Structures are given as C-alpha cells and as structure tokens.
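Labels A, B, C and D are assigned to the chains in the order they are written; within every chain, residues are numbered from 1.
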Amino acid sequence: MIQIKLHPHAFDPLQSIQTFQQQAEFRAAAYGANAIFIGTMRDFNQGDDIVAMHLEHYAGMTERQLQDLTEQVLTQYPVDHVLIEHRVGDIVPADAIVVVAVWSAHRKLAFAACRELMEALKRDAPFWKHEVLADGSRRWVEHNTAG
Amino acid sequence: MIQIKLHPHAFDPLQSIQTFQQQAEFRAAAYGANAIFIGTMRDFNQGDDIVAMHLEHYAGMTERQLQDLTEQVLTQYPVDHVLIEHRVGDIVPADAIVVVAVWSAHRKLAFAACRELMEALKRDAPFWKHEVLADGSRRWVEHNTAG
Amino acid sequence: MSIKVLFFGSLKEQINKAQVLVDYVEPLTAAQLWQQVTGKEAIPNTVRVAVNQSYSDASTILHEGDEVAFFPPVTGG
Amino acid sequence: MSIKVLFFGSLKEQINKAQVLVDYVEPLTAAQLWQQVTGKEAIPNTVRVAVNQSYSDASTILHEGDEVAFFPPVTGG
C-alpha cells in the first residue's frame, strides 16, 4: 500500500501509524521491520526564536508529486507499505509537520527506504515554510539542507 | 535522556514513544527530527513457518550492554534522547520485539543514530531467539544479519 | 484558450502575483511565458518550473489549457 | 571462593549446563576456565566471553567471585 495524506489541522503521527496498521491489507506478522521518521516544528531556526509558521503548498501537485516520488523510491527500495502524511496551513512549535513510515521484512531496506523518501520529499515536494519570528517579522525559509 | 527497558510481556511500542514524550524533560519544540525503528516478530524465517519464539537474555548484562552501546553511539551521533525497549520471554508472531527511538534537532543525525543503535543492539546485546516451527520442532536462530 | 500561471513561496511575493491567466499564442515555451508574465529575462537557476503539476523545464513547449507553475526551492518536511 | 560460569543459547544446550560454580585457583584465564568446565580445547571463534557482564576475551585473568559467561552469536532485535 502507498497512502498519502495532507492535514489542514494538527494531527498525531503515532495515531496515523496505528490507524494505518489497522487496515485489512496490513498483515503485521509479515513485515518485521518498521522504520519511521517524524518531523516536528521547532521553536528556533538559524539562531532566531520562531513562534509560528505557515506551510504553503501547491494543492494537487503536492499529492501527485508525493505519489510519484514514492513510486520512484520503491523501484530502488521495494518495501511493502509506505505511509506519508504532511501538515499544511498555520502551525505552531511542537506540531507534527511530517511522518514517513515504511514496513518491510528487512531492516536494511526499511531504513534506506524511509531515509530516501524523506530526502525526496525535502527535495521535491512542493511545500514552502513561512516563519513568524518572535518580533512579529516574517521570512521564507530559503532551502532545505540535504540529509 | 537515555531510557532502556525490558518487557517480559507484550508491549505497544507506539505507546512507549508517547509515554516517553510526556516526561517533563522532553521539550517537543526542541527536536524537529524523530527517527524510530520497530522490530516485530514475523511468522516466517528461512523458508519456514514460525508459530512462536522464546527470547532468552542475559539478565543484568543486557541492561548494562544496552546502556554501554548507547553511550558509545552517542559519542559519534550526539542526539538528545534515546529510547530502547526490548521484549524478552515467550512471544508470538506480530508481537513487537524492539523499539529504538531517537530525537535530535537534525534529521541526518537522527537517522544515523537510530540505525547505528539498531546495528549495535543486533551485534552486541545478549539476546538469543529460539524458534518454534509449525511442526513443533525448535531451533536457535544462528546469527543476525548485518543491516 | 489560455494558460494558467501560478507562483508560490517567496517568488509569489517578488512577482507580486499568485495566479495569472495569459492568452495562448503558439509556439510558446515555459521560458517565453516567464518573460511575458514577469518582464524578466531568463528563468533564474533556483526557480523550478512545473507544467500540469509535474516538474518540467524552461524549454518545454506549452499547449492551450496548460497549468504552469514557477516556484523557489521547496522547504517541506 | 568460587567463580560463577554461565552458558546461554545453543551453547547452553551443547554443554548441557546453564550455570556452574567452580573453585577458584589462581592464576586462571577465561580460556583455562572454558577447558576446565567444558572439557574442550580452545574457545571456538564464534563463542563470546563476558566477565562480570562486560565483553572480554580468552586471555582475561579471572579473580575470585567473578561471573563469567560463554555464549554464541547474539540474535536480538
């Protein structure tokens, strides 16, 4: 399964994983290895206190691009299931931004697929972060670092 | 924080992570990156159906070794928090065996620390798997594969 | 028929436009569309181009009804 | 005083012992202890040695009251 979802409101990534695993197609005894990455909004960036953030996205292309990059990663790292959920809209520190979870029979494959999916998402998924600093000023985050 | 726990009975790794994050020392807006690996018992191994397993361990050395290997990994990958929980005793397919979770401000560091902790655990933590096959016969798992 | 042009992130603020409809006159490349809409010369190296919601490039030939987006480096995740 | 010797995993079954107490006679290395308890020659390459719950090796000099463990490759996680 490939499951991709955008959240306009706060979400709980651990709950998302649990819900994913409750589906009929999910056979827990088949996988063995589950690698997960959860990204959360920090209250600091580049030496400044950040009090809020707007996560802009390109509606339509985002979903399509996440699907495409997942299919691309799966050709090289054929894990059994992929769950990707990403927040959009106005968020505050400690809110979850992204969860990428993969399930495989093999630990090495699970780790590699999870990492590659996060790198591909950071590189190509059309989201843009607009930070609100403690003094009320706003700035666009200019680019993601390679992981 | 370094938190290490052995479970003599079934445990829910997602619940363990949630409980860990509810501690006073855990400041969710500080980390940004949370990498998790969850290992689950499969119902097959080396071409055979496995119906149950006993997880033997060296009580005392296990806890000490997990603590030591974590401190060792942290010298190279200084993440903020590490949670390691591992099942012992009699288990059945789909039961969680292990969870390794790390929190850091940096995604690359979180991924690397989580993977290294799992590799160190697989290589050095004194656990031994004794499988029960579908025909009732038993066998020791001979060695872990490198990840 | 027209082409829908979208801008995102900091580029949207620099161009001071989020969405524009332009008349389609063939042949038209993404680079020509950029010049027409922004009044600027070449598409900067850091600006990415998507045609019909897939990554594309400056030399792509556009067609009637296409949706074309220009945006700065993405910063999700 | 004595030394406590522990075996784990498949080795416990091969040796047919889980725990043995042996009298301490100095000097004694882990390799000599292995010979004394198992009746076998050298410690096999695949067998790991722990002294007082820390990884050690065949040449380690043992002391009164030590806890020594021999076990096969670990298979946790």
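Some observations on this one:
We take it that a residue touches a chain if its C-beta (ideal position, glycine included) is under 8 Å from a C-beta of that chain, and two chains touch if they have at least 3 such contacts.
If you're wondering where the values come from, they're calculated on a predicted model, not measured in any experiment.
Contact with both subunit B and subunit C is made by A. Traced through touching neighbours, the fewest hops from subunit A to subunit D number 2. Note on chain placement: the centre of subunit A and the centre of subunit B lie 23 Å apart, centres being C-alpha means. Taking the mean of the C-alpha atoms as each chain's centre, subunit B and subunit D sit 26 Å apart.
Mean C-alpha position of subunit C lies 71 Å from that of subunit D. Residue positions 39, 107, 118, 122 of subunit A each touch two or more of the other chains. Across the assembly, subunit D contributes 77 as residues in contact with two or more other chains. Chains touching one another, given as pairs, are A-B, A-C, B-D.
Across the complex, subunit B is touched by residues 14, 17-18, 28-43, 93-94, 105, 107-108, 110-111, 114-115, 118, 122, 147 of subunit A. Those residues of subunit C that touch subunit A in the shared complex are 6, 8-10, 13, 50, 53-55, 69, 71-77.
Interface residues of subunit A facing subunit C in the complex, by the touch rule stated above, are 39, 55-58, 60-61, 64-65, 68, 86, 97-98, 118, 121-130, 140-144.
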